[in-house]
């Protein structure tokens, strides 16, 4: 069997560079921001505080994949523009989800990294399009994707010539309904041992419960993750989506401090 | 909460017409053919025999979603042409999978129904594009999609004005590894009781084991399914993909006979 | 690897005899009764009607395994006596669950078949004790037992010298929460093809929803099951446990008729 | 609804005392030893080294629940005696699994804590028997038990008057087959926030892969676990059972050191 490009046997560990930021290097990185881009003012408010506390990258959803066609679908192109402006002003790189291969080229003017969401991990048309660009990709694990399928989705991108892929564990679907998903940190340990790609963890979707995010952030870093992506908001209870799992700026600040302490201990 | 268009409270049960064929009517329908379109001769050979035994529709994959980027990805546009020619010659309507929203418009010249595969059930860009056309859609259940998410995926299509949707149960992902998937016939019973859409079953993917296809075909019809989609081949062991679950023409013939007997008994 | 006693390679298909009843023979059998034995009068009332419509065996729970220690735990020994009396009066054999190996010997005076419930499928002390007796055993599949583990649980009993084992598929635990469990009829098809033991289906626990029991009963028989075990009650809504999945006597009667029609068609 | 005894609303966090050891206090505890007790010499060898490095408690299986009746079932009573002797000699308390309620009373002479294994978490006869004793219980989570069912299993013991219960997360069964189980550290975070019982983690069964045990040990402690139970052996590859997930004494030593560092950092 062919050795995969994602396999450590194929080469050195991959470091993904986004402006001055390196994912997969010696520093643990933190990506944060609201689930959805809601308006310029809220986004700017959040971003300014994240920047101040040392968050490395800004996230925010412009195109929102929603289970129901009747739910808020995001501000779309308007959301991309807000993200771009806010990112420039506070000097933070941006990651946002794109779902449609026809939107990728245009979105490159607005975002520094493109997120492939869980629902689109098997969307091979999208993956091939991203493989043909050199844009950094944040590839979330599918809701019930095996580790092997997830790595193969990354391989689709690498095989087209784009090595700028960061994996993101965000929990898998199990029988357990107390938490929204079951965060699978085993996957992080496997990836760090056998594969070349950086991997970060999303404890917001991985638990679905605000109060669990701090503990699972620490656990993720201890398992070896290269960083975290966390949903935060200046007013979490009023988030337009995912309010139940979004944490406050104060809570995020404690996590940022905790990660530093943990990193120097490990 | 809004009553969904897929709910029986919103209207009569939907019958999907494809040329002379009606899915969701009084007759149980059978769709069959090889996993992949391999070449004109094999496809024609298979189709001629399916037509003779009373199969109602021809399936064959031109664009193949494969876990590995290094596996055979289908004959693509060449495959669509073969399907179109063979369908015309043997006088059978065609269903084939399209994964990329950019391919839909062109594919309408070649196929009578478009399949949304399991991997793309959450691909809302694709679903919206299909909603804007009036093309009949075969919507497979996602590998780990809840019944509710699957119906919501259908709702995306209906809400855009296209009611020509047939659901297809194809098994869900569980801890059981003896079979490829766990065929969930509970879902068929629920859909027939509470929702307006026709539902067929794919016992080939639902079991992954050739020898189980006849029993599970009978079980599907007894559970209330409107029909079956079954992978068959004149030489199953040499199928280019999914050989292990593909049945012979002779075996399919027995299922077609069995369905008739079962239908008149029920 | 050793050929298992449950494997068809080890011998003929096993028929389990209980008084005049044969499970695994040419006739499909129906076992029914309430979830819990509630009192003599209700049990007798139900049993008399089941006998009249041709049900083959009476079920009723005396020792109830409940998730909460504060829920009704069954009438216990008093329940066994009621079952015994009612069974004698209406001339129906009895099956009831025993959970504690220390209760088995005593229970043989009261019941014709001992049920091992889902929660105790891995209770090897209990299985070994049942293997040492010659009592017929109804072995339910564990909530998340693989087919292989389930067959091995049966092998524990056979390997001790007791071949009187009937398997019972009752649904497995998956991410799907619309139904209580996911009824896995693939397992029935596999068992009938490769293993020696009779297998029946429990569509009551397999769906958890009263309205789905008729369809899934038909599907189970069509998949090849040797019979059904169904929770029924003269007043389903007032059942002391599992009310939501318990069907009425009238509904059961239709299923009994349906099974006959299906059996003669197949 | 009744407030459960396991709920923090019912009282202070529970500390379980076993000789001089406290589980659930300020110190993280480590339990280790081989999967099975194999013979006196090996057990003594292992135990002496564990004691030296600061391991707090000795584990070893005497009664082994095996999927196949033909696999090694443990040294049984002979194993209990070996454990007792070795524990006395090296001055370490002992935990071992008992599966049969009839064995509990006798086993109290040999072990300091009784383990309820995953397969017996729903064995309510066993739980009630343990509730009637005052013996400390290590209650492993069932393979597919929800958090709620697991806590209810503990409640069975507490409701009988025995508060000496330590929970043990050991992974749940999912579709992922790369690892033996999916370690669910979300559960640890929930228990520490809302429930009174100590909880430890078993990364050996939780991963099934030796190389992942160190990372997942660190992740468990970071998630808030009160300790770890890890399978170790002086010659892991020759373990009579679970060799693939058993680590060496050297590897365990590094974990013990790592836990100390982590604990002082957190």
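Letters A, B, C and D mark the chains in the order given here, with residues in each chain numbered from 1 onward.
We take it that contacts are C-beta pairs under 8 Å (C-beta built on N, C-alpha and C of every residue); 3 or more make two chains touch, one makes a residue touch a chain.
Listed by chain with UniProt protein names: A, B, C, D = 3-deoxy-7-phosphoheptulonate synthase.
Computed from a predicted structure; not experimentally measured.
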item: Chains contacting each of subunit C and subunit D, listed by label; value: A, B
item: Most distant chain from subunit C, judged by the mean position of its C-alpha atoms; value: A
item: Centre distance in Å when subunit A and subunit B are each reduced to the mean of their C-alpha atoms; value: 34
item: Subunit B-subunit D separation of Cα centroids, rounded to whole Å; value: 48
item: Residues within subunit C bordering two or more other chains; value: 144, 148, 173-175, 177
item: Complex contacts: residues of subunit A adjacent to subunit B; value: 2, 65-70, 99-102, 119-120, 122-125, 143-144, 148-149, 152, 155-156, 159, 173
item: Contact footprint of subunit B on subunit D as seen in their complex; value: 144, 173-175, 177
item: In the complex, subunit C residues that touch subunit B; value: 144, 146-148, 172, 174-179, 182-190, 192-193, 206-207, 209, 211-212, 215-216, 218-224, 261-262, 264-266
